[in-house]
Amino acid sequence: MGTPESTTSGRTLRARAAGLTDQPLTLLTVGVFWTWLVVRWTNDFLLDGALIERNTSFFPVGPFEAAAATLGALAASLGPVGFPVGWLAGFFEFLAASIPYLPQLATGVWATILLTVLGIALGFLIAVPLSVARVYGGSATRLLALGYTELFRGTPLLAQLFVLYFATPLTTIIRELPAVGTGFIPAQAFWVAVIAFMLNSAAYQSEYIRSALNSVPEGQLTAARAIGLSKVDGIRHVVLPQGLRYAIPGWSNELVYLIKYSSLASFITVRELFERTDAIASETYRYTELFVLAGLLYLALVISASLVMEYVEDRVAIPGLGTTSR
Amino acid sequence: MLELDDVYKSYGEEQVLSGVSFEMDAGDVDVVIGPSGSGKSTMLRCVNRLTEINGGDIYLDGDCITDADTDVNELRKQVGMVFQDFNLFAHLTALGNVTLGLRKVRDMDKATAQEQGYEHLEQVGLLDQADSYPAELSGGQKQRVGIARALAMDPKLLLFDEPTSALDPELVGEVVEVMRDLAAEGITMLVVSHEMGFARSAASDIIFLDDGQIVEHGPPEQLFENPQAARTGEFLSRLETAHEEE
Amino acid sequence: MLELDDVYKSYGEEQVLSGVSFEMDAGDVDVVIGPSGSGKSTMLRCVNRLTEINGGDIYLDGDCITDADTDVNELRKQVGMVFQDFNLFAHLTALGNVTLGLRKVRDMDKATAQEQGYEHLEQVGLLDQADSYPAELSGGQKQRVGIARALAMDPKLLLFDEPTSALDPELVGEVVEVMRDLAAEGITMLVVSHEMGFARSAASDIIFLDDGQIVEHGPPEQLFENPQAARTGEFLSRLETAHEEE
Amino acid sequence: FGGGGGDGGDGSTEITAGTAPGFPPFEMKQDGELVGFDIDLLEAVVDETDYTLAGWEEFEFKSLIPALTNENIDVVAAGMTINDERDETIDFTDPYYSSNQAIVVREDGDFSPASLSDLSGRAIGAQKGTTGESTIQSELIEPGNLDESNYNSYGNYVLAVEDLQNGNIDAVVIDEPVAQTFAAQRPVAIAFTYETGENFGFGVRDGDDEFTQALNDGLSTVRDGSTYQDLTNKWFGQQ
Amino acid sequence: MPPFPLQSDWAFVAGNLDLLLAGTGITIGLTAASILLGFLLGFPAGAVEVYSRGPLKRAVESAGVVLRGTPLLVIIILLFFGLSVSSSAFVTATIALGLRSAAYQSQIFRGALQSVDEGQLEAARAIGMGRLQAIRSVVVPQALRRSVPGFQNEFTIVLKDTSIAIVIGLGELLTVGQNLYQGGQSTAALEIFLTVSLIYFVLTFVTNRSLDYVDDHFSIPGGERA
């Protein structure tokens, strides 16, 4: 325990859990992905298309098409053994086909990220008191918290989005707020989606945090109370700092879930990544290419999130806490 | 200093303490022994009200501390506790463990708290380990941090619940040593422990608890050499089976 | 019966066993003592090849068991092991724990296995608890199931790794008693333990291990009363600090 | 695509049709049954050919073309407008219905546009993948008369009209007959119609020429008789 | 016929309850088939991640990362229109949901297997069991019990995600609901969504409570509740 050996074994455990995220190739890809995104956003949002016109890709299609054609011809000339070259040709064809759509998709990625980050962060603020109520609350608060989680976990997110958007006056209220829908600030549908994700993911997050709180040994709170801390202070200064660390792996899962489920916001017209993909696909009928492309972008987001969470977990790691047996 | 007067405690149907009464003076070191489940831990926990009693009274320095209007957090500042499993705050360093109470309960500023924290760590011989996390400490070191944490609140009375029984045999010595030092400094202690060496050499009185009742209570020489109750003798002999001929 | 010949073992950089050699005869009970981290557990685990050695040889009844072509499962049937933390199969009753090996390793039918299982539970005085799950047993009872489980495989040699150190002080006796009975029945045992009472009364030899080397090896009277090496004396005195005057 | 074209229809005479319910009165579900103008019409047309209709499969509108090229279905009857982009991927039969786009607004609202240019600066909606959407794209967004962020696209007309009533958008662009049914049922009104001269056709796989020809022949037979008129009366009422 | 008979919205829902229940049947069937497929693939995958080394482990891990990292919507559309694994929407949806669930179930089982104390495996080896046998007779029975809560979660998620099969036209509960209000007979969209939500809620509630019961039934007396 706590020897250098145990720290390294903790690290290998985590790397194993993350799967691909420890490979240099993955890191490189993620780096390229983010560089592209940041340059794109800066150009489109901040510089008003100063570097390159909006909706025009940074990358020319020509060379990729040429490469695909050459490789295709090469594959054909190689006959039956040419199939790896053929695959490569297909890959370049795919790239050439994808390039024109990249700018629009980058805008969609921005909305997806914003939705996810706001949803999970605001949800977290609800989830912590909710889980504390579940673990330490009296019977009434416990029941209330249980009711909340069961309700939001038991019904489809799609239905929650629908009810909030079409059946409550939420859109009217948000619409009337100053600045909504102007300039940088997205319109009401986006905010309704954020509220839905907040409410929904709070329920899931609270479950992860609850089980993490339960895994903090009871003796910790007893010891806190024994030095004169009140129950609330004991929870705040002793149980939560440990429980939240235990909760990181589960919480990371929820983050990944939310990245992907944010695609449901397209249902209420939010123009996030899936909605953009779908819109282009229904215009061009290039379903396969576009959804593979969207899948890759989501995957890049998910892997980035895992990397960030791994880093966070590492940064807040304390010898002997959470790294063993999980 | 501390007085238990006819204390009763039950968990549901189960009667755990049935009329426990004893007194100890400032500077006393009383050692409680007894079979597993006899209520030793429960008795300690009643004294700092980690557990509420069902009958009787407990007095600390003449004040009844089992009144409904006693401020338990105030009480617990005066009664320190050291646990069998240490229960160190796993997310804090040794120093953090010692200073948390100072800062959040005594509202000290960080610098003063740390200064005092270092003093108490020195008292238990752990100045070098101030920045180590619990998982990086040996059992004996953990328990000494636990003692320093309790001492930091400057309590009138220290409670120990089997402070050495989770330790490797050769680490027991270092903790017993610290406890002996505290006894020599005149700190009042109520200790649940089966470390006979410590009991014989440092205890003012031994209290033998069985089935929620005090069966025998007296100075170590008398209780060990010449137990009055049959049950005391029987228990002591069972304790020594494994160590016989030693 | 068992012979270790110049055994070396390292984990990465760390040398844990450095040239350990000793022999024991059938019916011997050897007790291994030594500071924490000295390699006691590692040495035991090498004998039934839960850990592989890096140098030297180990012989059981004259056969080298550290050859690459030794069937380890076959070896482990002949060398039973009892763990400090019991490691009872948590999903099986006491009887299930004892019979699992008989059924899955020895391929016995259920009825025969159960019959033998009951016999071994009787041997450790636990016939009544046959249907209890580990979580329903006391520490001492758990350890006795652990012993019965090892005995069931009818081993030539039994290894014990600190079988009593996870037990409440007054539960130690019951396990020590069972071990003493086994010793009296002539079962060959290699025991890591700091129960001095057991060591003095039941051991053929004491082996003092420090830093991966055997510092001293001899009958209990000699080793305890008249330790040859300075380190042995020092360790023994540290062990007794806590128990002094006893 | 199109390499293996034709093997869906002529191998056997059984064909499967695909549609996207939720587009009244062309196709919708009533009491669990698929009904509508398109449904009746295609069945009547196929009756006139040597093919038999094995059954209907339901998809989202935007999934119909992939389902067709993928041979999940052999013909699309879903109020699908014949246009160049679609014609690149699939083939169409002769037109069977002409429709214009209606601009629908709230009945009690103060917004009553008279032409497309009145829509600029307003939030407007349409169903994803429909002619309404392409009209907005080509007539408003591309010329710069409407900011892209003012256009909301919905999975279904019903949701678009719902959101119009909610006040989140000020106008919806829909096929005219559909707009009429909504205007009859909801507190919405047709502000004006935009002449696109667009035609609905049945969608078929590229290269499935024999089948396309059979459908075209069937269609003219149905048009020449009284069936076509009967169906129009049944589904579009007063027209 | 008048195409839009006016009806009270709730009466409309009540009148079409039989259709909604038929959709519920498909939802349940799809969930059961997907969970089963997910278990058959996910359990071995979890075991491979814990106990194996080398390329097999890497392959399983990578497949898991891809499947967990891609939205289900995208997986379904690719399987149906891209790879055309089957012309049946039900089969395709089962494969998509099953593969995705396998990727998550493998993590549940990996965690459960890892949470079984190493001493258990060691003790089994010490009485002469082979590695595989020790895993099978000692670790797996304990791990399966511990995976019940994670399994509950996964079940709930799959149940609700069956609604995404709407994109390939599978007539499950949510599709039926959407078709009802899009049929032009009624404006009962909200009422339908609330009813559909209630049905989902009842389904998750009932399955979770039944799994609690199973958990209780198989729990080890005196043992810790996972």
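A, B, C, D and E are the chain letters, set down in written order, and residue numbers restart from 1 in every chain.
One rule holds in what follows: a contact is a pair of C-beta atoms (placed from the backbone, for glycine too) under 8 Å apart; a residue touches a chain by one contact, two chains touch by 3 or more.
In this text the structure is predicted, and so the values were computed from the model without any measurement.
Asks: What chains touch chain A and also chain D?
Replies: Correct list: E.
Asks: Using the touch definition from the top, list the chains contacting both chain B and chain D.
Replies: In this structure, the chains that contact chain D and also chain B are A.
Asks: Along touching chains only, what is the step distance from chain A to chain C?
Replies: Shortest path length, in steps: 2.
Asks: Tally the contacting C-beta pairs at the A-E interface and at the D-E interface, and name the larger one.
Replies: A-E
Asks: Measuring between Cα centroids, which chain is at the maximum distance from chain C?
Replies: That would be chain D.
Asks: Express in whole angstrom the distance between the two chain centres, defined as the mean CA positions of chain A and chain E.
Replies: 21
Asks: So, what's the distance in Å between the C-alpha centres of chain E and chain D?
Replies: 36
Asks: Could you work out how far the Cα centre of chain C sits from that of chain E, in whole Å?
Replies: Centres of chain C and chain E (C-alpha means) sit 47 Å apart.
Asks: Please list all residues of chain B that touch 2 or more other chains.
Replies: As it turns out, chain B has no residue touching two or more other chains.
Asks: Check each residue of chain D and list the ones that touch at least two other chains.
Replies: Correct list: 66, 159, 162.
Asks: Could you say which residues in chain E touch two or more other chains, in rising order?
Replies: In chain E, residues 81, 189 touch at least two other chains, as defined above.
Asks: State which pairs of chains touch, listing all of them.
Replies: Touching chain pairs, listed by label, are A-B, A-D, A-E, B-C, C-E, D-E.
Asks: Per the contact definition, I'd like the list of chain E residues that touch chain D in the complex.
Replies: Per the touch definition, chain E meets chain D at residues 1, 3-4, 16, 18-19, 22, 80-81, 84, 87, 166-169, 171, 175-176, 178-185, 187, 189.
Asks: List the residues on chain B that touch chain C in their complex, please.
Replies: Residues 35-36, 164-165, 168-173, 176-177, 194-198, 200-201, 235, 238-239, 241-246 of chain B touch chain C in their complex.
Asks: Any idea which chain A residues touch chain D in the complex?
Replies: 165-166, 171-172, 175, 181, 187-189, 267, 269, 271, 275, 278-279, 281-285, 287
Asks: State the interface residues of chain E toward chain A in the complex, per the touch definition above.
Replies: Its residues touching chain A are 49, 61-62, 64-66, 68-75, 77-78, 81-82, 111, 114-115, 149, 153, 156, 160, 163, 174, 189-190, 193-194, 196-198, 200-201, 204-205.
Asks: What residues on chain E touch chain C, complex-wise?
Replies: Where chain E meets chain C, its residues are 117, 119-120, 122-130, 133, 137-138, 141-142, 145, 220-224.
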